[in-house]
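Should a chain be cited, it is by its letter among A, B, C and D, assigned in written order, with residues numbered from 1 in that chain.
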Amino acid sequence: MADNDPIIDPKTKPTPPPIESPAALSGWQRRWHEIIFEADTPAGKAFDITLLVLIVISVVGVLIQSTPTYEELYQPKWGRTLDLLEWVITILFTVEYIARLACVAHPLRYVFSFYGIVDLLAILPSYLAPFVSGTQALATIRTLRLLRVFRVFKLGDHLAESRTLLKIVKQTRTKITVFLSVIMIAITVLGTIMYVIERDEPGSGFTSIPISIYWAIVTLTTVGYGDIAPVTVLGKTVAGMMMLIGYSITVVTIGIFAAVVLGAKEEKQVPSTQSCPNCLSEDHAADAKYCKRCGSLL
Amino acid sequence: MADNDPIIDPKTKPTPPPIESPAALSGWQRRWHEIIFEADTPAGKAFDITLLVLIVISVVGVLIQSTPTYEELYQPKWGRTLDLLEWVITILFTVEYIARLACVAHPLRYVFSFYGIVDLLAILPSYLAPFVSGTQALATIRTLRLLRVFRVFKLGDHLAESRTLLKIVKQTRTKITVFLSVIMIAITVLGTIMYVIERDEPGSGFTSIPISIYWAIVTLTTVGYGDIAPVTVLGKTVAGMMMLIGYSITVVTIGIFAAVVLGAKEEKQVPSTQSCPNCLSEDHAADAKYCKRCGSLL
Amino acid sequence: MADNDPIIDPKTKPTPPPIESPAALSGWQRRWHEIIFEADTPAGKAFDITLLVLIVISVVGVLIQSTPTYEELYQPKWGRTLDLLEWVITILFTVEYIARLACVAHPLRYVFSFYGIVDLLAILPSYLAPFVSGTQALATIRTLRLLRVFRVFKLGDHLAESRTLLKIVKQTRTKITVFLSVIMIAITVLGTIMYVIERDEPGSGFTSIPISIYWAIVTLTTVGYGDIAPVTVLGKTVAGMMMLIGYSITVVTIGIFAAVVLGAKEEKQVPSTQSCPNCLSEDHAADAKYCKRCGSLL
Amino acid sequence: MADNDPIIDPKTKPTPPPIESPAALSGWQRRWHEIIFEADTPAGKAFDITLLVLIVISVVGVLIQSTPTYEELYQPKWGRTLDLLEWVITILFTVEYIARLACVAHPLRYVFSFYGIVDLLAILPSYLAPFVSGTQALATIRTLRLLRVFRVFKLGDHLAESRTLLKIVKQTRTKITVFLSVIMIAITVLGTIMYVIERDEPGSGFTSIPISIYWAIVTLTTVGYGDIAPVTVLGKTVAGMMMLIGYSITVVTIGIFAAVVLGAKEEKQVPSTQSCPNCLSEDHAADAKYCKRCGSLL
């Protein structure tokens, strides 16, 4: 919060449109709303911290239950306790979900909002588990509860940082789209070329074009697992050239992107959109009073 | 399109020289030209979307046909259908190619243009397949049809982004050449050093200098497959130092490049140093003829 | 030192609060203090260089003693010599520790300072070794002596570089926290998704969610060991998309961060907007009281 | 050459001190000097291109001779031809070396210059080979001939780029030293920690502290071979945290470095070093005529 952000001026932050008009709420609803949806009061803060602790406990529980060590050694002894704990948390989250529904002016709008869906996904798997066969896959969906952390920290809508980021991403949307399209086409073409080169080699991992495209992604992002790697001399030559070109492109792209972000920031000092009434010329400075080309009043 | 580009001014974009002068075309040629080469009319848009869908279907077909799963399980049942589909698309692309030839003023100039060659490569493999032995290698060339996506999205010549990129690459051409020359010489020398160190080790992958150069590329670009890795103590020491130096160079290079791009951008916006003889105000634009504050001649 | 730092003005560096007031020290204490804690006198410089040499010898000793080659071949012959050397260095460090205690005004404050703890950790393991079973683990703690190099080079508090770095990190603290939180949640969710996809595959390394999270870290940071890698088609598809998105995010993040650092720097140099009432010149420094061109009061 | 460099002004490039004063040379020496050391005349250009071709042929020869395929299949047939070619090139390089010695004013200064040593290293291995046992290791030193490419392209002293780079590296020398020191200490401490955690594990590759340090380098530079990777749960946790921290540090460092490079560039508009004769204040702008604090003439 105390962080100074050189890109966006906190004063110009548009206030997000409120989901519900608190005026239409009765007394207890308003009080609950303050506790559940806001974090300014001590009760609201306590509520948020409790929520955070429950989320972390619940997710750590899911993580532990997925390990083979737990299943072998601790499941017989601690399984029931963990299941019980899981149910307690689920019921608490359910109560919270109902409370949220009760104290907003437009419950339906909440249900279909991003956080409404995340809140529902946080409790549904536990209730569906008894009726579905693939229980564990369902149980693991509970790690999505982590997304609720965004709500507690108001990471999603209270920090200027995310807004700045979103703004920059929005401004450079076309650039990113072009960049990704070129990358996608490049990896498909490169994957195909490597497939043609390597496929007849016995030990080669390039067994199909999709696999070769996967290899191209792994290579160009410099992850480089090594589960698939060229074995022929020609394949290694082409792959080596690919890496050098990909490396150069990465260096160039980062540099360009830094310039774009800085440009987006400096653009706030936009030129005025006024055009001269006399000579119709545009592109005047924001502080111009007279046309810089013909000298008449703007 | 709506993306604001801080580096290049869209107004200063030079209009590319047209391949054909539409004035020399008859009525139906002009109408066809509008549909096939442009995307402003509803018919032109529909044409482009159809083309895009056909390209994606065709490339997905090539991808699927290359997988072992398809060959084993689906080839007997779906093979004929896919072949038929492929022929339909090829014929459609052929018709399109002929139509393009018919409605441009200088057909030969089109044939030898970049897109003309890509368009021809998109149909040739299918026709040559029956006469050539290495059929599948030829079939996979059809993924080059993806390059046609550039045409549909006008990625290649209608977006300011690519132009900006090209401009920056052009401006920093010498820098990039020097950078690549140094990298090339460095990897050759480093590869040779590692070869001398590691070649007598039994399990070592450094079996020749070219292989060692390939390893140096894989390492310095931080891809790091691990198919070849030093096994001797000296080799590991030298490799570790190489990585640290390579890492530092990457950090430094990205920083320098970001600064170069930013510098190239700021150089354009040098404000004029003239001050108004009447009101003594400064900070006028370079193209200003009249003072923007008092309107008197500069 | 002679390095010019464009970000922080060396004049504005706050002098760190001294741990001890030298005024309260007697004559020999002051002389010792000058030698041990400072590096301006020849004796102080000699002391620092001796310390540096001892640290390096001692750490190289620990490194050599940990290798299997040493244990097999050289331990019988050189073991006693190295042990003796180790004890000599430990005693020298102990004497130094006592000397430091003796010549500071507030010994306790020194003991619990960062360097006080590092100095103690540099000698303790050797004294505790005879009484503890896991001797070698204890011995290796002696590599922490390397942290004392920071003291010799005054890397920690005498170079403007570290201060600049700390300042930037402080200014962008919130940004980094948000960035890391998003990364943490992303790798947990992505790890879970990959676990659900891959866990039933026989050869798959995705045996639990924590392991899958480890894989997500290894992949998104582009380290890419390859000890765990997706084997199913769906897993490879999801992983490939993850890499492309992670790659784009890295490029964007570096660009944003470079812009943020530059912005933080430029913000300090906002020129004053005041113009001279006499000659109407502008572009005065923010702290200017008189016009730099005609000398009249601003 | 036509490349505009926003960082260094080509006019301010200091002319490097000439190795020899051409005035002291006789007629034929001056003519030879022009051909051998310069590239402005047609003869000089032809000489440079011949040299470049010979270097590339010679290095490609070394590369080919190191491959097992050559040794098995082509050595019996082509071995003598390649050896002859190698000797022809060596003799040509020797003649060139003597010619260089003959046409410079100070032969000794040339011999001990950087290029003098590279030129000698380019011919020595071939002459020493018959008298030394480890012939092939010696032969491979001939790839160092590649360094002569720098001379042909005048990469080392005629392009502003290298000078800019050198200037930036020089200016940020202290920063890079601090950065590398911190990295060195960090990898040693982290390597030791991982060694303590992993060494008792049977299949673990962390067999000694030096190996663990090598692993830390491979991991922190994101090369990630995978030949050594943590196997214990604790090891994986620590390694995962290391990667995330290393990743963040890389992002931050690149951003900071970009700012430093740009700062170094902007510094050219240094503030004047004049101080006010009246109030002794400093930090005046370069164009200031009057003290901005007390208004007296500077």
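The rule is short, and it goes like this: contacts are C-beta pairs under 8 Å (C-beta built on N, C-alpha and C of every residue); 3 or more make two chains touch, one makes a residue touch a chain.
Labels paired with UniProt names: A, B, C, D = Cyclic nucleotide-gated potassium channel.
Remember, it's a predicted structure, so these values are computed and weren't measured experimentally.
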item: Chains touching both subunit B and subunit C; value: A, D
item: Same-residue or different-residue interface between subunit C and subunit D, half as cut-off; value: different
item: Centroid comparison with subunit A (C-alpha atoms), farthest chain; value: D
item: Distance between chain centroids, defined by C-alpha means - subunit A, subunit C (Å); value: 30
item: Rounded Å distance, subunit A centre to subunit D centre (Cα mean); value: 41
item: Contacts with two or more other chains, residues of subunit A listed in rising order; value: 210-211, 213, 222-226, 254-256, 258, 260, 262
item: Subunit A - residues contacting subunit B, complex; value: 171-175, 178, 181-182, 185, 188-189, 192, 195-196, 207-211, 213, 219, 222-226, 229, 233, 236-237, 239-240, 243-244, 246-248, 251-252, 254-256, 258-260, 262-264, 266-267, 283-285, 287-297
item: Interface residues, subunit D side, partner subunit B - complex; value: 1-4, 6-7, 59, 62-63, 66-68, 137, 140-141, 143-144, 146-147, 149-150, 153, 155, 159, 161-162, 165, 168-169, 176, 179-180, 183, 210-211, 213-214, 217-218, 220-227, 250, 253-254, 256-262, 265
item: Residues of subunit D that touch subunit A when the two form their complex; value: 222-226, 254-255, 258
